[in-house]
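Both complexes below contain chain A, partnered by chain B and then by chain C.
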Partner chain A sequence: MKPIFKPGASVIVSNREVDGHKRTPTYIRGKSGVIERFCGSFRNPESLAYGGDGLPRQPLYRVRFLQSHVWPEYQGSFTDTVDIEIYQHWLEPVS
Partner chain B sequence: MSHDHHHGPTIDPERLAYYQRMATAVRELLIEKGILTDAQIVATIKKMEARGPALGARVVAHAWVDPNYKTRLLLDGSAGVEELGIPVDGTRLIVVENTEEVHNLVVCTLCSCYPRNILGLPPDWYKKAAYRARAVKEPRAVLAEFGTVLSDSVTIRVHDSTADMRYLVLPARPAGTEGWAEDKLAALVNRDSMIGVQAAKEPEQ
Partner chain C sequence: MKRGVHDIGGLPNNQIDQSEHDYALWEKRIDALLVLLASEKQIMRVDELRRGIESLDIDAYNELSYYERWIASIAKILVEKDVITSTELEARMAEISTRKTTS
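Moving on to the complex of A and B:
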């Protein structure tokens, strides 16, 4: 898999329900953020967890979200953020 | 607490005893089948126990006295740490810097990912569901419970360590430490300041 997102790009986290092991926390699904950096490509933990080879490798990004967007009741500065590592197959471009 | 987010399992003592027995059984099987030797297991435990926050403190103190090193460390945490002769064994380390404007806090909401090669074993509270759920959702309240009260003019960046990266916070250098030697500075850097729940210690008056 080739990385398709550049730092600064707006993305939305897929809201799909998946059974089994995954590294996309539930609280961030359906939320939009901005690519902070590309971290490299890694074997897919959703396959590795069940003895698979994890291939093809998935590009991994750090995505930055505004806390006030993630938690509507958030108490704190409007500029506070949460950065989360998310694999490319969980991200969709924001048009 | 709402239940729209992931919780880790709370393991009761009976189940814990079950998992401990299972771990022992797996260990014995691995030795019996010749996959691992007892000596290899003991050596690995020793190696893990030899790692501790003193390694991270060395890195922080060096970054405080050498601005060029700090720049390299923030660009590539793993390479920066290895530059000081500390092996990271493949860990992808990201170092984030606390400043007057930004305060960083590290958590792993899914499990308990932690930069063990630099900080050793994580504290128990880091692995507990309460910290993992709350650090990401109400970081200011959690920080206040650690005695770290930040004004709204400071941006808080929480880092949820969900995948292949590990995080080390570079705390701000305390005032009144100008001209200090690195080992004296390193003594001000404790584990909690490198997770981001506290600042580095202030020099004693």
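Moving on to the complex of A and C:
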């Protein structure tokens, strides 16, 4: 898989139901953030976890979210952020 | 949305114990065992370790300590891959528990 997102692009984390092992925590699904960097492409853990070969490799990004967006009751500064590494197949472009 | 037992980010919970502690020998052994199985022997991957931990039932997950979860998962994956059988594992555990009580 080729990386399709550039740093600075806005993305939304997919909210789809997927059974089994995944590296995308529930609390971040459906939230929108910005691509901070491309981290490289890696074998897909959702396949590796069941003895698969993890191919094709999935592009991995560090995605930056506003804490106040992720946690509606967040008490800290509005500019606080959280970075999460998320695979491309969990990200959708913001039009 | 269906959450795994481990997927608890943002849920209310008790205070987290942040105190540092030394690892017990058995914990170091479990860590070493996983390194051997994953790197040197290439029998299982860390992704499989995680999947095994995530598939523990919620009572086991909450009751077990960090490395107890690891060894429960390692045992499950090794049985799944026919590296060991559950009969062999149970026999060995029974043997060791006898050794402990007689020493």
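In the analysis below, the second predicted complex is superposed on the first by the 95 of 95 C-alpha atoms of A that agree within 3 Å, B and C clash if a C-alpha of one lies under 4 Å from a C-alpha of the other, contacts with A are read in each partner's own complex, and residues count from 1 in each chain.
Criterion: a residue touches a chain if its C-beta (ideal position, glycine included) is under 8 Å from a C-beta of that chain, and two chains touch if they have at least 3 such contacts.
Keep in mind that this is a model prediction, so the values were computed, not measured.
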Touched partner set for A:W71, first chain B, second chain C, both or neither: both
Chain B versus chain C as contact partner of A:V11, first or second or both or neither: neither
Contacts of A:G40 with chain B and chain C, given as first, second, both or neither: first
First (chain B), second (chain C), both or neither touched by A:L91: neither
Residue contacts with chain A in the superposition, chain B compared against chain C: B
Contacts of A:Y27 with chain B and chain C, given as first, second, both or neither: both
Which superposed partner A:L60 touches (first chain B, second chain C, both, neither): first
Touched partner set for A:Y50, first chain B, second chain C, both or neither: second
Shared chain A surface residues [contacts with chain B and with chain C]: 25-27, 45, 71
Chain A residues touching chain B - in the complex, by the definition given at the top: 23-27, 39-40, 42, 45, 60, 62, 67, 71, 74-77, 79-87
Parts of chain B lying in touch with chain A, wherever the complex brings them together: 4-6, 92, 94, 109-110, 136-141, 152-165
Residues of chain A that touch chain C when the two form their complex: 15, 17, 19-21, 25-29, 45, 48-51, 54, 71
In the complex, chain C residues that touch chain A: 1-3, 7, 9-10, 45, 47-48, 50-51, 54, 81
